[in-house]
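Here's a structure for you.
A, B, C and D label the chains in the order they appear, each numbered from 1.
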Amino acid sequence: MKNTFGESVSVTLFGESHGETIGAVLDGLAPGVIADDAFIGLKLSQRRPQGSVSTKRVEPDRFRIVSGVYNGKTTGAPICIQIPNENVKSDDYTRLRELARPGHADYTARMKYHGFEDRRGGGHFSGRLTAPLVAVGAIAISALRARGIEIGTHVQKCAGISDDGFGDLNKDIAYLNTQTFAVLNDAKKAEMIAAIEDAAQRNDSVGGVLETAVIGVPAGVGEPWFDTLEGVLSHALFSIPAVKGVEFGAGFAIADMKGSEANDALRAENGKVTAITNHNGGINGGISNGMPIIFRCAVKPTPSIGISQETVDLNSMENAEIEVAGRHDPAIVHRARAVVDSISALVLCDQLALRFGTDWLGGHA
Amino acid sequence: MKNTFGESVSVTLFGESHGETIGAVLDGLAPGVIADDAFIGLKLSQRRPQGSVSTKRVEPDRFRIVSGVYNGKTTGAPICIQIPNENVKSDDYTRLRELARPGHADYTARMKYHGFEDRRGGGHFSGRLTAPLVAVGAIAISALRARGIEIGTHVQKCAGISDDGFGDLNKDIAYLNTQTFAVLNDAKKAEMIAAIEDAAQRNDSVGGVLETAVIGVPAGVGEPWFDTLEGVLSHALFSIPAVKGVEFGAGFAIADMKGSEANDALRAENGKVTAITNHNGGINGGISNGMPIIFRCAVKPTPSIGISQETVDLNSMENAEIEVAGRHDPAIVHRARAVVDSISALVLCDQLALRFGTDWLGGHA
Amino acid sequence: MKNTFGESVSVTLFGESHGETIGAVLDGLAPGVIADDAFIGLKLSQRRPQGSVSTKRVEPDRFRIVSGVYNGKTTGAPICIQIPNENVKSDDYTRLRELARPGHADYTARMKYHGFEDRRGGGHFSGRLTAPLVAVGAIAISALRARGIEIGTHVQKCAGISDDGFGDLNKDIAYLNTQTFAVLNDAKKAEMIAAIEDAAQRNDSVGGVLETAVIGVPAGVGEPWFDTLEGVLSHALFSIPAVKGVEFGAGFAIADMKGSEANDALRAENGKVTAITNHNGGINGGISNGMPIIFRCAVKPTPSIGISQETVDLNSMENAEIEVAGRHDPAIVHRARAVVDSISALVLCDQLALRFGTDWLGGHA
Amino acid sequence: MKNTFGESVSVTLFGESHGETIGAVLDGLAPGVIADDAFIGLKLSQRRPQGSVSTKRVEPDRFRIVSGVYNGKTTGAPICIQIPNENVKSDDYTRLRELARPGHADYTARMKYHGFEDRRGGGHFSGRLTAPLVAVGAIAISALRARGIEIGTHVQKCAGISDDGFGDLNKDIAYLNTQTFAVLNDAKKAEMIAAIEDAAQRNDSVGGVLETAVIGVPAGVGEPWFDTLEGVLSHALFSIPAVKGVEFGAGFAIADMKGSEANDALRAENGKVTAITNHNGGINGGISNGMPIIFRCAVKPTPSIGISQETVDLNSMENAEIEVAGRHDPAIVHRARAVVDSISALVLCDQLALRFGTDWLGGHA
């Protein structure tokens, strides 16, 4: 399946950057979960462009829940959330119609869709499609929260500047979820913003790394092969435009450790098994071990830049130069944060429903 | 689904480390693909334990194709390859029956299977299960090869020692596929082996990074959302035991680049579009662009070590110490190489069959 | 997955009878397929209530294609078609809120959704949800038509009155697709309508059988096990509310035949193999044989009737009597016809895309 | 996916009629379910050829559970059951190699597999493949039984002779499960057997109808759209070779009823809702209502007959005559009974695991 993901709880995505409406269908979520407009709005605001460090195309994201919610609670039927495209300026892109933008999907889309693709504003490939994902993800986050599961993500690195690491996760997650540009150390945040603004002034862009912690997932969720918790999370995370790497626990750094360092020793306390360290990021053999689930996503710099680049005219097949005009983000890592939260929540809802049944997230089992 | 992966071309895995037989079912592959016993044997030999740098449990891997192949070619029906477990010594593990081995899935298996799991030798979680994956993967590799697609993987890093990077991919891939301990620079290989032996002597283990290149995949394969080529590859790769990170192209390093560095400029040559650099690893917007597909997997050090570690007795729930006796690998990164090749081939066969139909890989379309 | 069906070409359904909007997402269809508003409107009109033989709730079905179509052709991205609910009168159902309507899903919905379900007008269970299915199905029908595949369905039986059987399929299919109440023999149609009106006057309802023929499907589509063409078609057809039986070829009548009668003898003509009879309905071993695919669906009488029936108040769990007030259909078999056409088209598009690749239906392969 | 069916609990099939081994992998079943060799053997014996009314190819069905069962109980890992082909006589089929057998899949297999298919004894299409399905299904039946769910099937019709209808389901199901040729009325069974023997003597074959009852399925299982309980059951049932129709409850007869007859009035007794009649076969809106689930499968006469039929030589494409020599069944409806039981059990295990989680069938939730 192409624009649908998940087995017991699934999400289907539709829409284009400059089309009439974008939306997502969240299906299979337990009945009785709170769907709070204010909370959905809050999550959308965390994804929305933010002043000097983002694109000038600011959408109000006036979402409408058109199905699956009744009297403020999920019914068990598919939840469709739609967001109209309001601030559309297709003219900026007219000149790009034939020139493939480097780092974008223009050329690959042509090879797949034979020129029938809607190229305006990136069409179906646009990062704008993550807005409805964030919206339905907000309901998934609410469902998890009611079962004591919390997700928090910070900009662990941006433009080469590193944030502090996670400390007290309960506190850090709570804090991050109130932040728009989510960083644990305020001084680092200021440095990051300055670096983004600097790149913007030079018509360039920067990337970064997002680090996520999930607490409260019970042990015993995930599969030994194929549908490992790492596998299903990464599968979904890589569909966030610009993500080029996903790692769990110590990630690539674990490759340089000794077994005696990498293994997380276990300890029993009050009849519960915990790990003394968490280099495995809360997952052993593909299955949650009850420790915080920790992962990081590498986010590449926005490919739309105002600097001249070599490219090809896909119609004439002649070499050309391109400067991408229009409104673009000098960085998206801070905006992608809300998408990572939502996608993680959707995947976890699916895994939990598969493990404990379709009633569990609604509190009926 | 749990032990099955893929849509048009799928693989199903079964068996336990100390059970009677392990096996895999490869389904949906085009009819008419060569299934060459010698080539399957070669790939299995690349996964088999290798002298001083591996476990002393050496299995002959006497595989049998029990279905789906007739007169040396695939029939289009499911191909089941089985490998009996011959060199089984369950006694070594008797003492471990109650002690959860740190870094292993013993505790998570207990939480998922409530003690009914077959714990002998890691049971269904054992890396031994990758042998039938390699065997069916060899047929997938043959199918790709007949369409001009080649896969090569090298130990890019082991015990902190780095191999040379890829150069001429045609030559490098051809070379790597003849090697058992696949490294591009022989001097580096010697250093790595010495480091593994050193770790073995101290009853410890080391990890590493595998880097893979795939050439010949046509542009236009993969999906913009969810079933991005990165997403489906990573999903499958994370089910290789010990993989804790997957990155494409420049991967995590891309997070520190500027857009002007990360974007791969395009050029038309002889009516074909190519990228001047390949920081995106052959994939834009989730879809292949015709450039080599490049990715890396972080492989953690083998968790079975002879050094004393803290753990828990899962029956009494008391704290304890464990030294994992038995025959284990001081490193598995070099053996995991064949698994990465096979899993990549299986995923690509699936994606190509979805894109071009079920006849394409057999050359009938 | 719950409200999504199909692998390469899939459909996702959302909405409730009295909600804001109902819709469907058609995903995976080849780029370049014509999406003709007039044709979609025609198919919707064939499903719409028809005078005396239908409900008084007549919806204009003002559909909007909000994504996936650009310049009148499919782009390859998901196609979302929405239809607002305009003629909603929830008051009629107020009294039913606690009384389970016999033959309906009120009680089973309560057991599944714990009372959170939107019960207004049947909510997500309403036959109204078939309108967007018909709309996206119309595009699937267009795609098939461009490849020479045509689908036609007639009311083979209604209220016990049988239509004539299929004769010249090319002519019959062409004729049926121009009809609203699709019957081959006009005299029989008049009898059926009289029987429906008679039932309506007695506040009762009648059922019927739909018979479908599909011509032009190439031989070699379908799977021997599980995803047999019969299996995937029936899977989808049974989701049409009121369908309680599906049979292929001679169907249940084949049970009484001898092998020598049931087998379809083969004959070669002009290098093509055809069957002399078609008791197997165009499918052998789960795979199309190039003959017309023939199947029938049993459609039960509408469960909403104005006659008093015993039932239970789901809140008090006390026995009660119910007469279903409101606007209902004395028969739906004639309206279900358009749904059968659309669902069959969606399933066949999926099977053909799986078999021949994602470009085939768009004519690019 | 092709030879795999199910989402949470799935089955994968492999093997050919004259290959080395046939088998099935049952995956996702809860840990702790009893896997009783004697019970598996009993179910296999119900599928095995039976004296004068069956083929002379009698296989001992020496099954081996090679994975997923430890100490007599399921472990939660995939269960692979294998059955070697022992009584293989490929010579009988030599002359058929080019002649497509009418009613069989020879021609469709050729169109799908381009001549690479293993045609010996029908290859992967052979009804012999149902033996491993029955074997793994026996474990699924055991799992259901432990939760109070029982399945029974009788030959409701054979060669035009009808058995009595179901009466007391508890008693009838218990009785049927002890029978090899499962009929409720002994006199009818004798008539059926005589009719089969009569057909056999004339080198012809007969068909029949199987009727199945499932008791104990809790209300609230199944989905409103697509994955209706009817849809998923029929999907699987149609993969039983020779099944050409599936109907639920009153089935095709419901088409002739009035709404006032077809609706099942409800009644509350002891805080439980039951239906007074069961014309809907235990399913409303695709979801179980707690009543017995009732369905019927039409089974066509065995296509292998010794009477001369017209056909085509697939190599020369010339018209020809064929009399199918070899050992074949004059009827298979009585043998298909065990397959229907097993497939129904597999589908229900899947649906129950999806609904109530992966522990429910093992009694851990």
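In this section, contacts are C-beta pairs under 8 Å (C-beta built on N, C-alpha and C of every residue); 3 or more make two chains touch, one makes a residue touch a chain.
Please read these numbers as outputs of a predicted model, since none were measured by experiment.
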If a chain touches subunit A and subunit D alike, it appears here: B, C
Longest centre-to-centre distance from subunit D, chain (CA-based): A
Subunit C and subunit D, separation of their C-alpha mean positions in angstrom: 27
Distance between chain centroids, defined by C-alpha means - subunit A, subunit C (Å): 37
Shared interface positions of subunit D, touching two or more other chains: 1-4, 7, 13, 77, 112, 124, 224, 359
Subunit A-facing residues of subunit D, complex: 7-8, 77, 224, 354-360, 365
Subunit C residues within the subunit A interface of the complex: 1-4, 6-7, 10, 12-16, 19-23, 25, 27-28, 31-32, 64, 66-68, 70, 73-80, 82, 112-114, 116-118, 123-124, 359, 362, 364
Residues of subunit D touching subunit C in the complex: 1-5, 7, 13, 100, 102-105, 107-109, 111-112, 124-125, 129, 157, 159-160, 199, 204-209, 218-228, 230-232, 234-239, 241, 243-252, 254-268, 271, 273, 275-276, 279-281, 283-290, 296, 298-305, 307, 309-312, 314, 317-319, 333
